[in-house]
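Quick one: the structure is below, and I'll ask about it shortly.
Residue numbering begins at 1 within each chain, and the chains themselves are lettered A, B, C, D, E and F in the order written.
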Amino acid sequence: MIERAAYIGGCDGVAVILSAELIETDPMGTMPHALILILGDTVEAIKAFDEVIDKKVKRVALIDTFNDEKFEAIRVAEAMKGRLYAVRLDTPASRRGNFYRIFEEVRWELDLRGFKDVKLFASGGLDEKEVMELKPLVDAFGVGTCISNAPVVDFAMDIMEIQGKPMAKRGKWSGAKDILRCRKCGNDKIAPLKGVPKQEIGNKKCACGGNYQGLLQPLIHKGKVVRKLPKPKALREHVVKQLGNVSLLPVK
Amino acid sequence: MIERAAYIGGCDGVAVILSAELIETDPMGTMPHALILILGDTVEAIKAFDEVIDKKVKRVALIDTFNDEKFEAIRVAEAMKGRLYAVRLDTPASRRGNFYRIFEEVRWELDLRGFKDVKLFASGGLDEKEVMELKPLVDAFGVGTCISNAPVVDFAMDIMEIQGKPMAKRGKWSGAKDILRCRKCGNDKIAPLKGVPKQEIGNKKCACGGNYQGLLQPLIHKGKVVRKLPKPKALREHVVKQLGNVSLLPVK
Amino acid sequence: MIERAAYIGGCDGVAVILSAELIETDPMGTMPHALILILGDTVEAIKAFDEVIDKKVKRVALIDTFNDEKFEAIRVAEAMKGRLYAVRLDTPASRRGNFYRIFEEVRWELDLRGFKDVKLFASGGLDEKEVMELKPLVDAFGVGTCISNAPVVDFAMDIMEIQGKPMAKRGKWSGAKDILRCRKCGNDKIAPLKGVPKQEIGNKKCACGGNYQGLLQPLIHKGKVVRKLPKPKALREHVVKQLGNVSLLPVK
Amino acid sequence: MIERAAYIGGCDGVAVILSAELIETDPMGTMPHALILILGDTVEAIKAFDEVIDKKVKRVALIDTFNDEKFEAIRVAEAMKGRLYAVRLDTPASRRGNFYRIFEEVRWELDLRGFKDVKLFASGGLDEKEVMELKPLVDAFGVGTCISNAPVVDFAMDIMEIQGKPMAKRGKWSGAKDILRCRKCGNDKIAPLKGVPKQEIGNKKCACGGNYQGLLQPLIHKGKVVRKLPKPKALREHVVKQLGNVSLLPVK
Amino acid sequence: MIERAAYIGGCDGVAVILSAELIETDPMGTMPHALILILGDTVEAIKAFDEVIDKKVKRVALIDTFNDEKFEAIRVAEAMKGRLYAVRLDTPASRRGNFYRIFEEVRWELDLRGFKDVKLFASGGLDEKEVMELKPLVDAFGVGTCISNAPVVDFAMDIMEIQGKPMAKRGKWSGAKDILRCRKCGNDKIAPLKGVPKQEIGNKKCACGGNYQGLLQPLIHKGKVVRKLPKPKALREHVVKQLGNVSLLPVK
Amino acid sequence: MIERAAYIGGCDGVAVILSAELIETDPMGTMPHALILILGDTVEAIKAFDEVIDKKVKRVALIDTFNDEKFEAIRVAEAMKGRLYAVRLDTPASRRGNFYRIFEEVRWELDLRGFKDVKLFASGGLDEKEVMELKPLVDAFGVGTCISNAPVVDFAMDIMEIQGKPMAKRGKWSGAKDILRCRKCGNDKIAPLKGVPKQEIGNKKCACGGNYQGLLQPLIHKGKVVRKLPKPKALREHVVKQLGNVSLLPVK
């Protein structure tokens, strides 16, 4: 229903297959970061995409996974020759000092090498103000969170390891992780899952003197829910009790 | 799910019967404005409620429907003698100059006449700031809109006529109404449904020169949806076309 | 002199008989809250006024004393038939959530019942900004405090009891009262004059540990000033001594 | 009554003889600017004052009339030897860049020459904020306007000519003046009374094209009021008519 | 180079002889405060200037040294008859309450006495905002600090004593001075150089309990640098050590 | 003198050889972007540096030239094994979305792979506020502009081409450029030096209708100044004339 409302409100299309059926149109979208991470290189990924995907789908290379947008844009454009339709910058927030300047630089470098026809796509937490700022340079926008009605709880599904080796896109901490919470003060701690001996975690003490406890516990196992969820009344009591400790929680 | 979340988050109870079942508790609430409007008097309404409702339900009189809270509070307390548990003030926004002062005055008048045990309930668009301000005086709060997650589209179901006679609570315009919209500039107009000859409405011209059109059209008739809803694509075209006229829409 | 200056500055008229003589015009004004409180009902009051007062004086009903302006407006209009010239809303501040909306609602209800000729008067602490806001709806304004030159010490003369029974208009605490001041910290306290045993007041202790003392003492008795006023020098010493305690005074 | 209230509120004394009688004390004050202007020199003035006035009155020299406070302070202190009680600075606003610094400099120069006992008095449009700022340096304050209750219309009685010769204290334009007002746009103009031929004034045209008219007309002649004052009704009509031209009035 | 840049940027001329040679023009400027202080009177100074200086240099009297600008302007204009080209007001900040009003008053008094041709010059810490404000009245501006590129450390060379007698212009504390610094808390103190017995200074204790030390020590004696300056490393250590005491330094 | 002052004020060292001699210490610094651009790879550059430079100089790799700091940090640490002392991030402003988060991520990735001893250096337009923010993570800071006294005209010397091929670090537009200015409206335009036919530049018209003119003209040729610089007077006339056109200059 959210995607239907976005479409009615003026968006050009939607990405989810089921949503596209509901509004009687074709779904649209670009390659994911996962493809690039698995293949290990942006140029390899766009080449593989180009080899396999139906010709009627436009070739858009996602260029923010491993390295700087400027050099990746030059590399994919030169590798794809005339077949590249656009580059998409989903630049992570920590690298987004001046998004306009990054697009300006990418445009300059592409033009300098004769790729004036390659279009620029922007995505990643954009709102109406940023769209207005980027409009003189950018040809298309991928917008999600800011047009949903309710405040969203943002989360991402990202590849963190490939066959046991830490590997994550720019802006993400690589490797499988354990998340620990101090039962006394509520403080959270992130630790690498491997390389830290079990007993070390078990003995970890919070600065407040409390004990840390691992938060990651199995919910589904072999297709079955294996954890028993508490009743509303018990949940409420847990919440009300925690509210009494609120002043102990550290502000991040 | 919203009421379940509210309960888990610390609220004392919920009003909808189905929600109460979900969280395995009894529903709670007070009499509606509709009861008072139908019976025509606040004292009559609390008396009827007292006569019929199970003794284990506390007697709470809603006292903002017809007249000023101060005098209604005195009237219901004197009529109910010792059986009144609380008075509830759902005072409409246009009369809510200083909600704290109104409660202070009601408390004074009840105490002066010996009703120190009658509690005070507040409701109506309250947020956490107002609850903190009223807390020294008020014993309970009815809170809705401000703890829902998404921005809500506020609407109300109110009695406007009783057997053809205009009758509405304080803060509402009484009588059945027609809503007209100018097809040219988008301006809306509210008119009494009766007493205005058909031809007069038909001929009504907007200040911009456009024609008004009635917006109220039947959706369900004898249990069947009688209006055909357009496809997403047609809706989207309608929206995009209207956006082109946005600058013509008057700001209210 | 104040009323003469107000008249010269553009006001239409004045209420005090002596002032009107000074500027060689007839005084003007409406019925007081006292008349309605004594007769016990707004409709009774406008009827009595209509019966007694010279026909050349316009019939203006004051409708904020006991109950909500919406229902009182309908009642007086229906009772007076065609003879009502205007309704006056002196709505107390604590009920003045949105004065414009109250007038809009009263106008709607009067028009709906055929009383389009009844005019709307506003009064009560109005300044030039509020007058500009209300002008599209309101036909006349009663303005006082905000056009006096010096900062005024606002006070009101209100009926609080009728033949020993507490009775006050909306926005006022009914009943005769005693005012106590703590001689140590300067804190004030308001208590009902009756029903509180003398010894209880005498023994009342302030939260700061000081003793409360009654501030109400007779000034005039049988037409004679019975209290001896101190000399300027003594008053000055009292003030200077109190200034030393200023930081002890609670902020209300 | 204003001076009585000021005294009760904590002031040390009053200047008007009648006020002092009312509060049963001696009046207090210093020499006026007029004395210095007539004698033509600050030192001459304090010497004359010292010669004539009762010994019990303290010698306070007013030192802002002709020349800079720093040099005048040194001159009066050296001329009066040990008999000078204080110097008073009523420094005009246009010369009051940093009043604290001026007092600091005067204090330094007096101390340097052995006059550590000569006190410093401040006056002239002081409010409670300035008094707090100057307190570390200044021994006494003359305060008027800012402790009156109503907004005052400030005006001053100053000597402008002595025996036909222009002579005014610092901060005032010397010489008798004519004041002209344009009857069309309300603009005012100040011109020297002498040296400007009559016909030139008569022919003066305002920039807006209107004619200027002299505003100074005799009110009292040989002890009798010689101008007939208009009735309130006529004054009111004049004011209302002028309000219609308000947008034409130039902002100064 | 600074003066060359100022000239290129639009200034009319420069004051330093060497700078003028660099830009191939004549230097310009007015008499210094020193001349007036030495001769002891503004009128004497402009007369001496007029007697000695080449006729092609315009006669501009500096009139803020001893006494108020209003009276000094009248005195120099009357003394110089038709030969005075302009008066220059370098009014000290502490006397600059409303610079525009001072110029307006000086203009009035000069015009009233027939000196309409005498021009007005302004100087002293002016920036572009003040120049715009004064422009309607003032004929020329002397601007320095505000058009230099780097933040300047303002300092002034002023006569403080003449043949052992304290004498300084308005806005300056006269007499030679000693400057003391507390070695413990860093607080500074200014004292007259003479009249304070040596031992008294030596024994002076700061309010913090530390000892004061005189900061004025000879740098050059008979043309030779007599103080040994520390190496950068020693200076750096001194600075870093002082930074540790920063919180002890009083804010002025 | 600037570097001497910085050192005295508490900086640890300076980079210019002459400055270091003046303060009697060794100069310090890291490799330049130029070395990396010439060698074409960050790892090659640190290896070459390691091979050639005196062992007493610590190995600090500059890692923001070509690619993302996260991956470059991992690469140089793995290539240098235990010999790497620190990585320096001079991240360009357009990529500096959240500098703290970038350091946090680099720290995580280095620690995860066992490089807990590799230190983090930050540089590039840092001021005292940013230093305080980064301090919990960063071990050293390179600070320049923000501690100079005068406002600086920032400029950079960067490699733009290598043997005729466009090549520039992240944040810079690669390739030699021509700069054109419209003689009519003052607008500037940047164009690639090569690949744009001469006649096309010559014919370029500004949007305002004026002609563009190339600004890059030789100043020094074979060690001699070949352009004749105008006299101050001519420069001043040019500036004053341009000021008359200021309102025509476009705001960037």
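Following the convention adopted for this analysis, contacts are C-beta pairs under 8 Å (C-beta built on N, C-alpha and C of every residue); 3 or more make two chains touch, one makes a residue touch a chain.
Please read these numbers as outputs of a predicted model, since none were measured by experiment.
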Steps needed, at minimum, to go from chain C to chain F via contacts:
3
Listing by label each chain that touches chain B and chain C gives none
Consider the two chain pairs D-E and C-D; indicate the one with the greater count of contacting C-beta pairs.
D-E
On C-alpha atoms only, rotate chain D onto chain F and read off the angle in steps of 5 degrees.
120
Look at both sides of the chain E and chain F contact and report whether the same residue positions are involved, with over half shared, or different ones.
same
If you average the Cα atoms of chain B and of chain D to get two centres, how far apart are those centres in Å?
64
From the C-alpha centre of chain A to that of chain F, how far is it in Å?
32
Between chain A and chain B, tell me the centre distance in angstrom, where each centre is the average of that chain's C-alpha atoms.
43
Two or more other chains touching the same residue: where does that happen in chain C?
none
May I ask you to sort the chain touch graph into line, ring, star, complete or other?
ring
Partner chain F, residues of chain A touching it in the complex
66-68, 70-71, 91-99, 101-102, 105, 108-109, 112-113, 166, 170-175, 192, 195
Chain C to chain D touching residues, read off their complex:
4, 7-10, 22-25, 149-151, 231-233, 235-236, 239-240, 243
